[in-house]
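Multiple structures follow.
Both of the next two complexes hold subunit A, though its partner changes from subunit B to subunit C.
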Partner chain A sequence: MPFLEAHNVSKNFGGVQALKDVSLDLPESAVLGLIGPNGSGKSTLLNVIAGVEKPTSGIVKLDGKRIDNLRTNRIIRYGLAKTHQIPKPFSNMTARENLAVAVLYGRRNIHSPRFALEEADRILSMVRMGSRKDALADSLTVQEKKRLELARAIATGASILLLDEVFAGLSPEELKDSIQLFKKLHEELHCSALVVEHVMRAVLSLSQKVMVLEEGRVIATGSPDEIVHDEKVIQAYLGSKNPAT
Partner chain B sequence: MKIEKPGLTLYGLCIVMALLASAALLLGVAVSSILLLLLIYAALAYSINFITGMMGYVDFGHVLFMAIGSYALATLVSYYGANPLLGVGLGALLGLVFALGIGLVILRFRGVYFAIATVVLVLAAYNIVLQFPQLGAGGEIIFNLTFQPLATYFTIWTIVLIEIVLTYYVNRSRIGFGIRAIKNEEDAASSVGVSPRTLKLTGYMLGGLFGGAAGAVYAWSISGVTAGPAFDFTFSLLMLAMIIIGGVGTSIGPLLGAVVVYIPSYFLLTTVAQAQPLMIGLLVIIMALFLPDGIVGLLRRSNQRLRLVLE
Partner chain C sequence: MVAAELIVTDLAFGLMLGCVFSVVAHGLNMIWGVVKVVNIAHGEFIMLGAYGAYFLNLFAGLTPLETAPVDAAIGLLVGYAFYYAFLHRELRNKETITLQSEMVTLAATFGLSLFVSNLAIILFTGNPVGVNYNPGTLQFGYVRVPLAALYVAILSVLIIMGTWLFLERTFIGSAIRAYAQDVTATELVGANPAKVASLATALGFAVTMAGGALLTVWIPVGINPLMGALYAPISFVIVVLGGPGKMWGSLVGGLTLGVVIDLLQAFTTAQIAYAAAFLILIPVLVFRPEGLLK
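And now, the complex of A and B:
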């Protein structure tokens, strides 16, 4: 029984068809990688699933219940949270306050700010940012802001995370560290994740399955190993071997 | 909801309020009439603080709620001979109801579009009032009440006290976290489960409620309402100036700002009245450039202990 499923999702922006008949399923505690060239519709797909955009047609279900007609802040209650490609921290609030908002308004619907702040501290040390808990989000480094995005999504109590390029723009050292951290979190939290990523090293080492989008269409699905040897995928990224065809 | 133990800020504010109460009782009518207008200013500052201070939605038309309250009290007292306290109640209620109706529409706008909408609303409301003979048709509604300075004074005193306590606890509560998140990054707030629509409407309605109440007391204190001055843009600007100078969103800032704006304007009014908007405008520009978090921000940065205590 798949946990998150999308059936024949299409999305048009004016005359542009950003997604064409995309279907996927994400079983419990699985990690599905989503790759594709720029403008292939990866972020749009995440936005549609998370309720930021409404699909033009198609169905998104979570645990068998349709969520494609719900707004983002309702979908959170079903245990699905998305990070932003460009981090959007609450700049004038401290790191722990950022997470406290997510704890208070997330899936668990907590009412005590004191409890929420304690939870926030716990999650911050889980992502190894415990020492930065009282820093204003604005003053964090890019890597810390990305990590705060991830932590905030976790703090909502989500069991499905949609991660939009959380590994982009990191130095090789930071990347290694982040991949390690993500693996550890995935084990501890038993959550499933849909990971949009340009950094191949990250996506291939994290995902059990990888889906490739090109111009809004799914052109390949398979294990990381199958994907890197797939003709169509190589063509999409590098162009055809024979320019004449 | 679990109520947390109050901090020093709230105790401090309560002491100031107690001093204001005893000053009126002990020092007589002359002093209390000076303090009355200060408290009306403070009530207005706290009311706009719920909207612009906490949520960051710049409201250039907050005088609208003040006018609604003024007309509610003036109509009730002059046509029906009602007790002015009933008028204050009606002013608050109408402020709330209008904020609900207006908020449902204009809170869909953000940033400068919201600000423009608030300005247009005041112009529209003013022109509507001009059409109604019952509302003075652009003239004035005057009523004669026996001089009752203490009743007026303690009505506005109570309103300010309620606003202070409410501001303090809203800021500390779950709602306060949600509203601050909206102020910082509205889209990110909804992506972690906050419902901006509900929370923004809540803040806007609180602003309308207390704006209406303060406007009603203002009409009571000057025994009437006149269309032009009631919708005067200067009031909206003064309210904004007070929270910017004091410290937006805080529980202590609006009172500080009210004092800073009111005291010079009181003394200048008798000498060079024109200098008042000029001076306040200059002060706001200086604050916006160098002290965006107002006096509260300045105090917080100057001292580690104050940083933890001031709310």
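And now, the complex of A and C:
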């Protein structure tokens, strides 16, 4: 029984078809990579799943229940969380306060700010940001903001993470570090993840399965190894036979 | 020596007046800071709060201090109604308020302002009324302080402190602060934006109407349907001085304005004092556009 599934999802923005009949399933504790050129509909797909955009047609189900007609905040409470491509921290709050809000509102039946702050501290040290917990989100570096975004998604208690380019814009050293951290978190939390990414090295080393979008359509699905050897993918997206950048 | 006494007395009165100004502006500050809507009809709800104090005094014998919580409760309901009537349609499903929505809410609340003040003229007539509340005076050295003004000042500071504690220390408060900073992210952590925004608006109205009740202590014969025309601009100045969305900003702006007005009033006329008070806005906007508070 797949945990998250989408069937024939289409999304139109006026005359532009951003998604055409996209289907996917994300079984429990799996990592599915989502790649494709700019404007291929990756972020739109995440937005539709998270309820930020409503699909024009198609169905999204979480644990067998339809969620495509629900508001984002309800979907978040069912155990799904999404990071934003450009980090959207609550900039005048400290790192721990950012997570505390997520603990309070993302999980059910938690109303104690004190407990939320304790949870926030625990998760911050999990993502190795324990020393920055009292820093204002605004004062964090790009890498730290991305990590805070990830931590906040975890703080909502999600079992499914939709990650929109959390590895983009990092130096090679930071990237290696972040990939390691993500692997560790994935093991500890047993969560599943849908990872949208431009950085091929990250996608290929994290995902069990990779899906390729082009102009809103799925053009290939397979293991990372199959994907890098798929003729259509090479033509449409990679442009060369050596994708490992 | 006489001049020194005069200055100290006026300083004390200025500070007390500043406290009540702060709370009168505080509701505008909350709505502006959180929901990002400037309520042009703000002054009219101060006026309604003041009439609340007048009628509750007339029919139930309540003092302005006792009226404040009643006004606040009414304000909560009015605020919810206001949110769903005027703001919800413009704000829902938007990451930030658009220029068009800003214009729509400005025009709509301007219309509401005209409607409410004219309705008040029909209902209450144009004759000014007042509440008689005089619990005595207190002697501090050579300064005689009316207890009514002192109580009101204390209650005003408590109200501002209360809203600050509510936002900083509570479950719901954390969502309101989050909403003020990023609507999308608020939704992404599981909070319902419309619920948060409507609550913040309702709280703003509760504080505004309670502020109107407290203000009556300072205007013994000044409650009238058009009083909003003075207290709305005062509130705008205070919010800009302190910085929209900063809870203590209301107090900083209010005290500044109160002291300036009272000191100038002692040496010039009331008209010049109020005019000068509005002039403070210019250097503040030039040198510290984010408000006096960091």
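In this section, the second predicted complex is superposed on the first by the 235 of 245 C-alpha atoms of A that agree within 3 Å, B and C clash if a C-alpha of one lies under 4 Å from a C-alpha of the other, contacts with A are read in each partner's own complex, and residues count from 1 in each chain.
Methods note: contacts are C-beta pairs under 8 Å (C-beta built on N, C-alpha and C of every residue); 3 or more make two chains touch, one makes a residue touch a chain.
Values in this document were obtained by computation on a predicted structure and should not be read as measured data.
*Asks:* Using the overlay on subunit A, decide if subunit B and subunit C clash or can fit next to each other.
*Replies:* On the superposed model, which is not a single observed complex, subunit B and subunit C clash.
*Asks:* Residue by residue on subunit A, keep only those touching subunit B in one complex and subunit C in the other, then list them.
*Replies:* 50, 52, 71-73, 76-77, 81-82, 84, 88-93, 97, 100-102, 104-107, 111-113, 116, 152-153, 155-156
*Asks:* What does subunit B use to touch subunit A in their complex?
*Replies:* Subunit B residues touching subunit A: 1-2, 4, 172-174, 176-178, 180-181, 183-185, 187-196.
*Asks:* Applying the document's contact rule, which stretches of subunit A touch subunit B when the two form their complex?
*Replies:* Where subunit A meets subunit B, its residues are 50, 52, 71-73, 76-77, 81-82, 84, 88-93, 97, 100-102, 104-107, 110-114, 116, 152-153, 155-156.
*Asks:* Give every residue of subunit C touching subunit A within the complex, in rising order.
*Replies:* Within the complex, subunit C contacts subunit A at residues 169-171, 174-175, 177-178, 181-182, 184-193.
*Asks:* Going by the contact rule at the top, pick out the subunit A residues touching subunit C in the complex.
*Replies:* 50, 52, 71-73, 76-77, 81-82, 84, 88-93, 97, 100-102, 104-107, 111-113, 116, 152-153, 155-156
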